[in-house]
Amino acid sequence: MLRIAQKEELQKMIDGFLADYEVIGPRELPGKGIFYQPITNAQDLYLGERFAIEPVKKFFFRPSEYLFEGGLKEGSEFLEGIPLAQNKRMIIGVRPCEARGLALLDKIFNTEYKDEAYVSLREKTILVGLSCQAPGKDCFCTSIGGSPVQARGMDALIFSAGSKYVIEIITDKGKDIFDTCPKEPDKEEIKAWESLKEKSNAALRKKIKIPESLDNIFESGYWGKVSSACISCGVCTYLCPTCHCFDLVDEERKKLRCYDGCAFSDFTLEASGGNPRPTKMERYRQRVFHKFDYFKKNFGEHLCVGCGRCIRHCPVKMNIAEIVDQAPV
Amino acid sequence: MKYAYYPGCSLHSTAKEYDLSTREVAKALGIELIEIPDWICCGATPAHITMHLLSLALPVKNIIKARAMGSYEIVTCCAACFSRLKTANYFMRTDDEHRQKVEQIVGEPYKGEVKVRHFLDVLVNDFGLKNLKGNLVKELKGLKVACYYGCLLTRPPEITELDDLEDPHLIDDLMRTIGVEPVQWPYKTECCGASFSLTKTDIVLKLSCDILQMAYDEGAQAIVVACPLCQSNLDLRQSTINKKYKKDFNLPIFYFTQLIGLALGIDGKKLGLDKHIVPPAALLGEKDKLAKI
Amino acid sequence: MTGDRSEWEPKIVGFLCNWCSYAGADLAGQSRLEYPPNVKIIRVPCSGRVNPLFVLKCLSSGVDGVLISGCHTGDCHYSEGNFHARRRFTILRKLFEYLGIDPKRFQMAWVSASEADKWAKLVKGLVEEIRQAGPNKLGHR
Amino acid sequence: MKIGVFVCHCGTNIAATVDVEKAAKAALNLAKVKFSTTYKYMCSSPGQALIKDAIKEKGLDRIVVCACSPSLHEKTFRECLKESGINPYLLEIANIREHCSWVHRDRETATRKAIEIMKLAVTKVTHNRPLEKTHMPIEKRVLVIGGGISGIQSAIDISFAKFPVVIVEREASIGGRMARFDKTFPTLDCAACILTPKMVTVAQNKYVTLHTYAEIEEVTGHVGDFKVKIRKKARFVDTSKCTGCGACWNKCPAKVASEFDLGLCKRTAIYTPFPQAVPNIPVIDRENCLYLKSKKCGLCQKVCPFGAINYQMQDEIIEEKFGAIIVATGFTQFDHSVYGEYGYGKYRDVITGLHFERMANSSGPTGGKIIRPSDGKVARDVVFIQCVGSRDEQKGVSYCSRLCCMYTAKHALLLKEHNPDSQAYVFYIDIRAAGKNYEEFVKKVQNEYGAVYLRGRVSRIFEKGGKLIVRGADTLSGAQIEIKADLVVLAVGLIAQNDAAKLAQMLHIPYDQNNLFTEAHPKLAPVETITSGVFLTGACQSPKDIPDTVATASAASVKALGLLVQDQLEKEPLVARVDKNLCSGCQACIKACSFNAIETKEVEDRALKRKRTVAEVIEGVCSGCGNCTAVCRMSAIDLEGFSNRQIMEEIEVL
Amino acid sequence: MSEELKNKAKELLTNKKVDLIIGYQRAADGVLAAPCFIDSQDDAEKLIWDSYCVYNLASYLKDFPAKRKGIVVKVCDLKSITVLLQENQVKREELLIIAASCPGVIDEKRLNPLDQQAQEIVFAGKCKTCKTITPAYYDILINEPQKNDKLSEIGQDEYEPVRKLEAKSIEERFKFWESEFSRCIRCYACRQICPLCYCPKCVAEQITPGYFSKGVNLEGNLSWNITRAMHLAGRCIDCGECERACPVGIPLRDINKKIEKEIKELFKYEAGLSVEQKPLLSCFDKSDPEDFIK
């Protein structure tokens, strides 16, 4: 189902959403980059081609979350859950790769095991995407089952077409909110939209080959070599739309869940002092295997959406796409 | 070698010969001295007994004029100007409070970065004694002088940074280089009475007399100075001293630049040797060291 | 509990060195000097024992003011601990100011074992200052 | 874990303002508190019995006593725990009297605060660990660095208690500065007459070992167990063969200025510094010996009847262990050549007080004649200038050297006695004669010996007509003064030895901006340093005259003996500890420790399978200040009894 | 210059003077540089040296204990090796310092992320006020040191950003930093990239006791950033790597520079001057200022 709107009309619609929803979207912070933040006005939105540094993951699987509080109160024990967020949200300007990332996260947090915090946030949020027309040099979504115009995981997807926007409505939720936009594109406009999609796909130049399995190179010296520059920080995992490892910590009387990443040296540190992944080699290999081997074996697809964030923001220019592409299978 | 040159008031009046001889010597040695355009008084003694801030602002004004010429070094000859300029620089470097006030007055930021040099320092340390020796036309052999530095050139040492505090030797070194024999005497940095010359002349007569006496006793035939006021007190007052203390001194008082000029073969008149009260002609003529006066 | 301003009482933590300031506070007691109850004392052997992390912990746990009190310079029981503390916390305080944390919330004092009066006055003054500064916005309690 | 909380009424001292029953009840709401009660006087015998019974009956294993300041009864209650079979360090005191009931009037407020203080103590005690006092053996020997009067006195005092003592002296003989003096003020007894017997005593004492011509090379270890490397410089004379007969130095052809006599006369290349030298065994000065320089000569070897000369001798380094160290390195003279107005040290007739001492000494270079070094003429008009280098922030040191007033007065007196028709002029700033019979002595010099005292500074000295013209101001009369003097004697100040800082660094003792060693406390610990086991005596700490030097020497000896008489060193266990897994080995703690209580140690890092260097606390030396813990960025070093965890949790429960 | 470097590297590896060389190579994108670790003569061909070599490679020294490491160092980064030597984290005898005359390096953050081509070079902030030309020590010097004319902006105040912030009111400053820190995701890239953050286990990771919240909230983020800054006080040599590595653009150098400025003014202390230097916080001066102490 398609709709078409003038740029001003869409802005007006968004301003209208602000009454009922907490609206979040990409904003440009000068000199810093693009960040998803709550907006108070459609003017705040940045709907250009540059990517947000952090993916929308953080609004669902949050960087840190207090899960419950417990201890002694007046001499007796107590345990209280911390209330889940209740308000309705809408995120506008989500990129296809990030939305696809959420679809992958759903496999973890919203399939067999239902993570209360995650599920409630997912249910309360409408996702309105924005297609990519000038993907970055580190993007490789088309090599891994995605595309700059894919609508998977979204409620609606917007395409910028000159002075207008074409809105592709995917779900009922999407239909509900874009009720206010009755105009459908004519034949000409649909044709233009089709060719726009083709052009977008073509603009994504980087192609990599992903081996069927990495099993036979687990012991390869390759991993030691490619991981040597890694500084063991959390940039790649924290900015990844699909990484979902976390740590549980006791803070005062609360249980805190916060991001953790396989690059950190103490990620698998055991209480005994032992560590099955003592060096960068084991840790980096784990990251590649988890994304490009194990996950596919367990869930049927790779745990990577090809957004290129881990490449773009790696402080030492580690390039997972090249590393996978050149893996000596 | 190129420097901004700050002559100061004395060198344009009573110490004209100091100015003349300095320029002549510089010219002969290829040292370029460019007079700071539109320079003003350094404040001398009156400013700093009237108002501390004024005594800093006046020199700084001159220094930033020099800076505007693109020069990061100023040369001066007068011991008082040297002292005032150095003092102002010292405060600009070390005292933020005063610096800010002065910057307001002169209307420009200045952190004491321009170097202030005495011509003595330039000759000895930049040009070099060896180099000087190579440029000599003749050596003034047989002349014995007392090198007299006065009170301002070396004091206070943390400000002037010029020479040994109690036993300075820059003039002695120069004299030795041009063949003149400096005597060893203890009054190199005694006070001549300085600016009491007009207000309390008696003090000056006594102090200057002691200096002349000591120089005479140690066998000097003349005194060599680097300060206009020292020169004036010892030269101008010599006859009065002779009368008052029943002495018979006949000691010419030279600027070091004058004797260097002679050794470089410069005409005596160009060096202002005709402007002395105690005539040097006899001493120099008798030793046949003087071309013409 | 923060919240209603009228109910709010400044909560202050004082790290007192065992030899001078703690003893000074003892003497204030022995002299029956009255002062506000807002300062909770954590005894440490020396002001040099205080780690900047403790101060951060206080401020991020909703404590409204932190005081480190030790021997006057030259009087340190361990001879040099307070000199070390002084340098360390001068930097921390400069950093606090720079980051917009009210420097009133982090103070230091030298109180000797005989300065009971100074201790009592210090507490009074401190409580007043923190009252002026208002509740600490940081901290989740 | 079972914590018991005991709230004391302290009569009405606490109970009048704090609702102790309410507090005791509140305690039961705290985690791990299994028992609480109150009592009138918890520190009394019945009070303590109450605690002991509760421990036994309720099986308590940690105790919080809410009472008065820990400075009063922490020890009492620790003892009480010990008697009940619990480790005494599993105790915390909540100070609800001095810090609560005595400073608040309102009962509700005070009670609330008392409960909070109790909460802190309960939180803290939860993480207390059972600790034992540490014990360390003591090496029962003392090292004395420096063989001047202070070192000699220290060694004699220690030998009285029959402990072995080693003196290390860098010169060829013991005796130090005092050996150069002529007479001593104010009694005018001859320095040699009182010093020489002590030198002999120490040399013959079976408990004392002398290492002359030796220097300290390295000091490691700590109180009770210092390991010291001593460099015994090559003497080129076999001390076991030499009898000190003098045949060698009588024949030696190489003559150089004598250091002992400050260049006033010559000595030979093989020499003893002075005739009464102990040991009376010469050394060969390797810079000036013709044989050692160019293999020409060898005369001394030929004339020595005992074959004691050995040109092949090398420096020898020996290592010895000591339980305590006494530093008696003394002082050196201020170098007056920075004073341009006094002629930059160029005038031969401008001398120092020590030159004067040597001249006045009848066995000295002039045979007791006070003359002008330049021409040997008898000195008649002599100007003495005090405070040369002392009390002069511009050119010297800011402090007063304390003895110059007195030795100058003594010199003025000696001058008159040696040259009866002489005249002494003394320029001074102040006269500081604060000592027994000192003021009287100065008065006597002024009144009976006619010394003219002029209050003022000398502005210039120059030579003219064979005399020294001394110009100065007499500020009392306001007159400018000019004196034609034969001799000028400068009362130069006393300053630290040139290598004092180096030694201090070796010993890890602090020193001030003048390189004088710093005592642990200026009033209460004047001969101790903050490095336990290292003591100070004499002028290495600050200028001292002979009586004060001897007094501090004995004081330091007593302090050292106080250590040595113990069987073992006992130390509080509240010390720092390093978690070697967390330690990066950056050594920030080592550099920050005032007590030199942390050293490095190599450990095997099991995770990384390699050796790493980490910090380790020497428990016996650690004083428990905790500074290292705050310096450690990785919090690898923690303090027992005040651990990071305890303090962090205390903050949390507030 | 790269040629000279390659030849030297080959020579060192052939003569077994070093076990490996830590240097720079062209990144996969063909434009930027990336760290590389060369242990064979053939690999030495990879080495490059130009304005894209931003990294402070001293961070990698800890990865190769007990090996003889050659390391390519910019003059400014050399100071971090000085601090590592001060703090006994590397052994001088295991190090072969190849000091490279520095043309100034780029400001990565100013590169347009969408542009796929080489762009005009914008120099990093630290380079604009760089005062060091000659390395204090080295084993091999590649090319004579010279100042890049484009960089020497005489009189530029290296503390200008700091002074600007100082001039604001305390409330404004709080708002500014609150907003900056609000973006912190605690990825610890600032720590991991820092050559001086070598603690075996950072206090941020410790749990008994935990020193501050691991939560991504104001207290936690503020505590982490203050702790990081304090732990670098008197050690930070302003290589600027933390700020560069920070994915969310927190101006960390402005914090480091503030401390640098204060300790220079208060304690006359500068980090990384010599190996013998005592750490700022392990020493003191009796006359240290104390005007804020009551």
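A, B, C, D and E are the chain letters, set down in written order, and residue numbers restart from 1 in every chain.
As a convention for this text, contacts are C-beta pairs under 8 Å (C-beta built on N, C-alpha and C of every residue); 3 or more make two chains touch, one makes a residue touch a chain.
As the structure is a computational prediction, the values presented were derived from the model and not from experiment.
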item	value
Neighbouring chains shared between chain A and chain B, ordered by label	D
Groups of chains joined by contact, in the absence of chain D: A, C, E | B
item	value
Most central chain, Cα average position	E
Chain whose mean Cα position lies farthest from chain C	B
D-E compared against C-E, more contacting pairs	C-E
Reference chain A; chain at largest CA-centroid distance	B
Rounded Å distance between chain A and chain E, as computed from the means of their C-alpha atoms	31
Centre-to-centre distance between chain E and chain B (centres being mean Cα positions), rounded to whole Å	53
CA centroid of chain A to CA centroid of chain D, Å	68
Per-residue multi-chain contacts in chain A, two or more chains	252
Per-residue overlap in chain B, given as positions that touch at least 2 other chains	none
Per-residue multi-chain contacts in chain C, two or more chains	52-53, 57, 61, 80, 84, 88
All pairs of touching chains, each written as two labels joined by a dash	A-D, A-E, B-D, C-D, C-E, D-E
Touching residues on chain A, where the partner in the complex is chain D	71-72, 74-75, 252, 273-275, 278
Chain C - residues contacting chain E, complex	52-53, 56-57, 60-61, 73-74, 80, 83-84, 86-88, 90-103, 107-110, 122, 138-140
Chain A residues within the chain E interface of the complex	29, 31-33, 35, 49-51, 53-54, 58, 62-64, 66, 134, 136-138, 228-229, 231-235, 237-239, 247, 249-251, 256, 258-259, 261, 264, 266, 280, 312-313, 315-319, 322
Residues of chain C that touch chain D when the two form their complex	11, 13, 22-23, 25-30, 32-35, 37, 40-46, 48-54, 57-58, 61, 63, 77-81, 84-85, 88, 120
Chain D - residues contacting chain B, complex	340-341, 344, 460, 462-464, 469
